[in-house]
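In what follows, chain A forms one complex with chain B and a second complex with chain C.
After this line comes the complex of A and B, so read on.
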């Protein structure tokens, strides 16, 4: 460091001497030899040398080098998710494969964990220095067998609700006093899990839907849309263990009341929670901040009218101030969440609440902004000039990196992009997407299911608002490394192609569709065929269309086991024939024409007219006659016209002429 | 001092003469004979045996035409633990051979970076990808807990075993 300092000093001094020389030369136009050389040889003494401030030594964390290296690398749009192996056979190509592969990897891990916990003696040898606790086998059974307080504490830590309650009862019967702290911990355990044992994740045969938040991480691959209903499946039972043990307490303190009230609110016993709170006040105890948060969450459930709900919340907040309990971020979020259920009162009170909390130095988190946006932008309701709220929120939030502080933080991005989609605001959508790239915000996007929703909405908005080049740029960036689009979104993409007249990209999109597993969706494929058949393109594009159309035909033909079979319609068959005719592939078109009969569909007159024009170019008279016969076979009303055309435009032999006149009489008679 | 030396040599000659009697001459061979010039070599046969690149070149080609199958730093000057690494490698190779039974196309390459154990394997596309991922998750988790260090698998798949020549 000293050498670098001296180097800096030298550099600085040289620079200043250079500057001085320049000044001298400017001031003295007739350069005197002596002055010049003196200025050259010695560093100027009188030049202003600035103070060199040596900075304090920085201490870097252990991962600083890795983080610096990581910041130089962007996401690779050609690679799949980091979870998967980098091999074409092992890369998921559709969203169902993505889910399947990640779930199978998780179940492999669970199988290994089962073996490790069933035979822990083989995994005891500790090679790691320093010790890595997460790689040691877990003890699933409680070790301390005797009836004592230490055994109770152990069972509480292992989250065994029923065993802990049984042990507590045994201790009470034996007459051993259990300290208030331990009883409070037991109450916490019971109220958190709602008096049932949390499902163990290592046992393979157990289902995963009932697990609580604590053990959620390995199983969050499934859709979590039903999370709220899962939690509320267990309702607060009458006279359950928590209430019973609470009643046995001689002097319940704030902590005990807090555990009980929070448990009641979590499991839906709202009015009971409020009555317990009145008990607490009657015992001249103070409630703590989490109790108040729970009560505020419960407030909209116990009252009906918006005003009453708001008054109850204000009342609670006033009591909080009286008891000198400081609110925290979760209080702010609880109030805002309750305001979502308060209709118009919510809209008027939301901003004052936020400013008051700011005054108490509680900064809103992404969850608060999420609730704010939900208050003002109800899904499905018409908007009357409220678009600036989203803009204000984005102004507040842009450029900041957030850490997860509230479980509802993960809803922010989905709500924001839903609002952008509803108000068709592409600018704000870009800002929301930019926010995702700042710092650690990518963690707040939620699990795979929520990410899928976010990307689906973002991409649909892009398809609606932007031109084809921008859309394709985003398409190549997001698909399929981050997002596997559904068939609806792909239909939006086709519409953009149509609007911007880039139908020549259709064969590429068809390849992507096949890869994504949408190749057998009937509506999508029929739309593709219609778009291709609509206008005549130039020759090379038409060729690619013909190839694509034949490929599509293959999708209809053989149904692999398990794949959905598509059925031909008259429209799709005619589109296919038109595309092939436009590319001068008469033979293929002829085969398709025969398919009309096999699949019991009737061709239209325009199609047969077009076909006849094509045949005329090649001059194949026999084929023209067969065409007329086909038309007669379908009893089409346009058959006489066709016959006339053939008679006029083609050179017919006697035999053919007689055949035609026979047909004419036939159709005339049937008319 | 001279006398004690003479006594010692006399004792020694007495002992050796006793040993030279027929009863003390059997040598017991406890292990199988592993000849250096037959290790890791597939001999030339009729011409119908398919052989991969790894198998076709003999051990003296390591460093010239072949690479190393196991990469760690315990063979450098002043580093220890070489024997433990060998035992770990043998276990890992048997584990991979058994877990991905019939799927291995070539020898497993084991690399150690810091405390990360990287197992690189080339597999034949014999199983469905979901089954591969199940086995990968299982192997990574089990070996991590066994060796108390992070274990990662890097897998590449080929359609069939890549044959270099027929011997």
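After this line comes the complex of A and C, so read on.
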């Protein structure tokens, strides 16, 4: 009885433990068995039942259904970007086409908007029912003509700096009081645009595209370049309208100071910003968080030494605490960004800063991690003992979905993958790439240009570290749906093919190369030819090589419209000949051999020797003689040897014999 | 509690040690040697559990010891069966484990009694320990093969490797003394190829491996000899054994007879675990400038300023906003207001009328005030009009009112005509 009882008990336990394990395995699929049994014990003692709370009502956003539907669509590695799917003719095949098409779409939109806004009288008919405000022309001209506060507000809203300042002066002269709020808004406007009228709404977008072009240089240069252009564009002028209007205020409040300080920092008047801040303190006022953020950004500019910079930042943070100003994420990012310029102090203080902000329940965004990585990994500096910082960061961010909160968020992926490339850390690179797939993180990869940099770095690293199968898997996944590799990256790929001895894939790669617009990159094509010519492959592969080689020849002959023509070199021609010879295409090879003469190139002796061997196999005496003649024509030192070989190896008629001896004498004389 | 029970068991076993295969205790102490209490618990708990079950059953039956003796062989056989089953499905062996676990709390007060009993019934214990041995070996054989290679926690990996080490110890020990496992050599050359001067690196690595091969072999033999001492040490507690495990330099490549341990050590998980075990810099000390629960002085918030708008704009510019598929484009259009929102309930598009109750739509008589005649054809007509309006769902209440107002004006204008017709 007892044994049956224990059997029943065992059965029961068996069942419950199975259920438990199913749950546990869901939670940690990668656990090993040993942990499994250990983990089973704890719930067996006290099994916590998670309570499921069913909400009474769930309010859906208006995009909820669409979001659910969108999440069902995966990326198709064989299709181009969604933007180009409307018109198959406009499917980009090269990176330049990609850029051109995407920009043209954007500029088309801008042009339409420009016309609608410039000639609103032609676009008054409102077809849409219900009304769609964003499709209607914007009013670009001020509607209120009279001198009043309402008119000032209107001008501020339309961001007309000059007009607003003029109106404010008129109001002052007329003795009409302007409320502090409106004045502050005016100050915001002036400071934001640095006392200049902003460019027209559609013009800045064009300029953005120009700057994108400028960004083609490496990332590190970009920051400085844009900063420099900002300074060139507008600097904070002494006694400009903002300062003048500020001076007119009888009782400036925090907002007024904030506007002034932020404007000064934005336009490079850093020390002035600090004196204004002192002024604010003297007036018994408190600064707001954005003022502090601006001042922290300016801190590295006003001090020389690393520790002085850091002391200033700490001082500012302490004042924040004193004035009971709660820092925000931008504060954290500003501090970290400032620490990037504090050298070794940055390395020691970065983590305490993050812990401090964590304690205030401010979670770092990707921009914070980006600054952190930049602090520890300076481009061009050696990387001993720092690899684990990237690991730490990846441990922190892995599997999290981030929302854009800071303009610098978009730099994270590029920085992370750069570090992976520099430290040759493929594992971390995979983690970075995995992170990119989580939630909406792909948005944080940034614009097309940044995406290209990211993928180029990632793929170069793959080429460096992985074997050919893995590389090709990624290659098929990324190219050309999201990434159009540059010729350098394609050369890396060729090197991988070479090291892993998969040269048989070269014809495929050549097709891709042609499609990607690298068919006329001389160095690349020559490398391709060298690789094909270097070793003897099996017959089938040689056939495809020969086809590919002839295709390459066509590329040399015609050249793409409007593209750089490639010129034959002796090396490329002889490679081509040897590829064709290896595939037993003597006739084609003969044609190429003639090209040596037309392009004034000299074939090597080995090549002619090889050719002669090939001719001998078919026993074509005439061609052999012609070959000798060609060789003699180039005055090659190896000609006598060739003549000798022909004399020995071929059955010659009398006439041919005499011809050969004539040639022999000629070459002898010329020597 | 485990520890206490364990000590008891070892006390008991110490007396019997000479009858036992020396290998078994040596495995035991190896396990204890390397790992934290949490992990050794399941292994040591099993034999304990086995004994505890039998003891709890003893109690239930409340039979004499002699009866027990008769019963026990059967039980042990049953256990054995379970364990051989366990080879096929680990679930069952796990189940027994849980079963044992459940019985353990019951055991606790019996601890002392248990020891006494075991001492008196040496014979039965012998059988019991025999059963344990079976269990240990079978489970060991399953485990390494079933275990997923990836490990989440740092502690498991060495655990596993020691398992496999002893699993193969007798089988392979002698044959591998001179040569290295070919798989291992391959792994070494692969690793060496990533280094700048591969030949030197390879030979160094191999040399290192051979050295390690020699070490565990001698160690093992020494363990076998010193087993009595080690078990004696066991009674003292885990302190000393911990010292032993740390004596093994972590930087050395761990060598396993089956060659598995090496490959498992490679890869990022190992390194990561090492990092995780260390203190993460993200949990470092803070600056202590701010206080956590700080209340902010509320400033007058005037809605988004130009700066806020610009920040949002910059973020949008910096991120990739291009839609990836048609649905995302529709989301974008919905946000811009270009697309009628996808209906998510029956009130889609009713923003304007959302606050208007239905009776405003249906009962329109109140609008037929004294400006209309009380009776007659005009009244009749207007009643028809409001009936029609009440059923019209295309018009808003405001439009319906305007409709009625239009008729009011119309009839007022035609007043003289109506009067003439005596309507």
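As a convention for this text, the second predicted complex is superposed on the first by the 554 of 671 C-alpha atoms of A that agree within 3 Å, B and C clash if a C-alpha of one lies under 4 Å from a C-alpha of the other, contacts with A are read in each partner's own complex, and residues count from 1 in each chain.
Following the convention adopted for this analysis, contacts are C-beta pairs under 8 Å (C-beta built on N, C-alpha and C of every residue); 3 or more make two chains touch, one makes a residue touch a chain.
Values in this document were obtained by computation on a predicted structure and should not be read as measured data.
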Which superposed partner A:89 touches (first chain B, second chain C, both, neither): first
Look at A:116 in the shared chain and tell me whether it touches chain B only, chain C only, both, or neither; answer first, second, both or neither. first
Name the contact category of A:518: first (chain B only), second (chain C only), both, or neither. neither
Would you sort A:101 into first (chain B), second (chain C), both or neither based on which partner it touches? first
Thinking of the overlay built on chain A, is A:132 touched by chain B (first), by chain C (second), by both, or by neither? both
Let me test your reading of the model: by the given contact rule, A:442 touches which partner, first (chain B), second (chain C), both or neither? second
Just to be sure I read the superposition right, which of the two partners does A:586 touch: chain B = first, chain C = second, or both, or neither? neither
Chain C versus chain B, contacts on chain A by residue: C
Touching both chain C and chain B, counted on chain A across the two superposed complexes: 102, 132, 135
Note which residues of chain A are touching chain B in the complex, please. 84-87, 89-90, 92, 97, 100-102, 104-109, 111-113, 115-116, 122-123, 126-128, 132, 135-137
Looking at the complex, which residues from chain B come into contact with chain A? 115, 125, 129-142, 144-149, 153-157
Where on chain A is chain C touching in the complex? 2-3, 6, 9-10, 13-14, 16-18, 21, 28, 30-38, 40-41, 44-45, 60, 62-67, 69-70, 73, 75, 81-83, 102, 130, 132-135, 159, 181, 185, 188-189, 192, 208, 254-255, 262, 286, 288, 290, 314, 317-318, 320-321, 323-327, 330, 349, 351-356, 358-361, 388-389, 391-392, 395-396, 404-410, 427-428, 442-448, 451
Residue positions on chain C within touch of chain A in the complex are 38-39, 41-42, 45, 53, 57, 60-61, 74-75, 78, 90-92, 94-99, 101-102, 105, 143, 146-148, 150-153, 156-157, 159-160, 163, 267-268, 271-272, 275-276, 280-292, 294-297, 299, 302, 305-307, 310-311, 314-331, 334-338, 341-345, 349
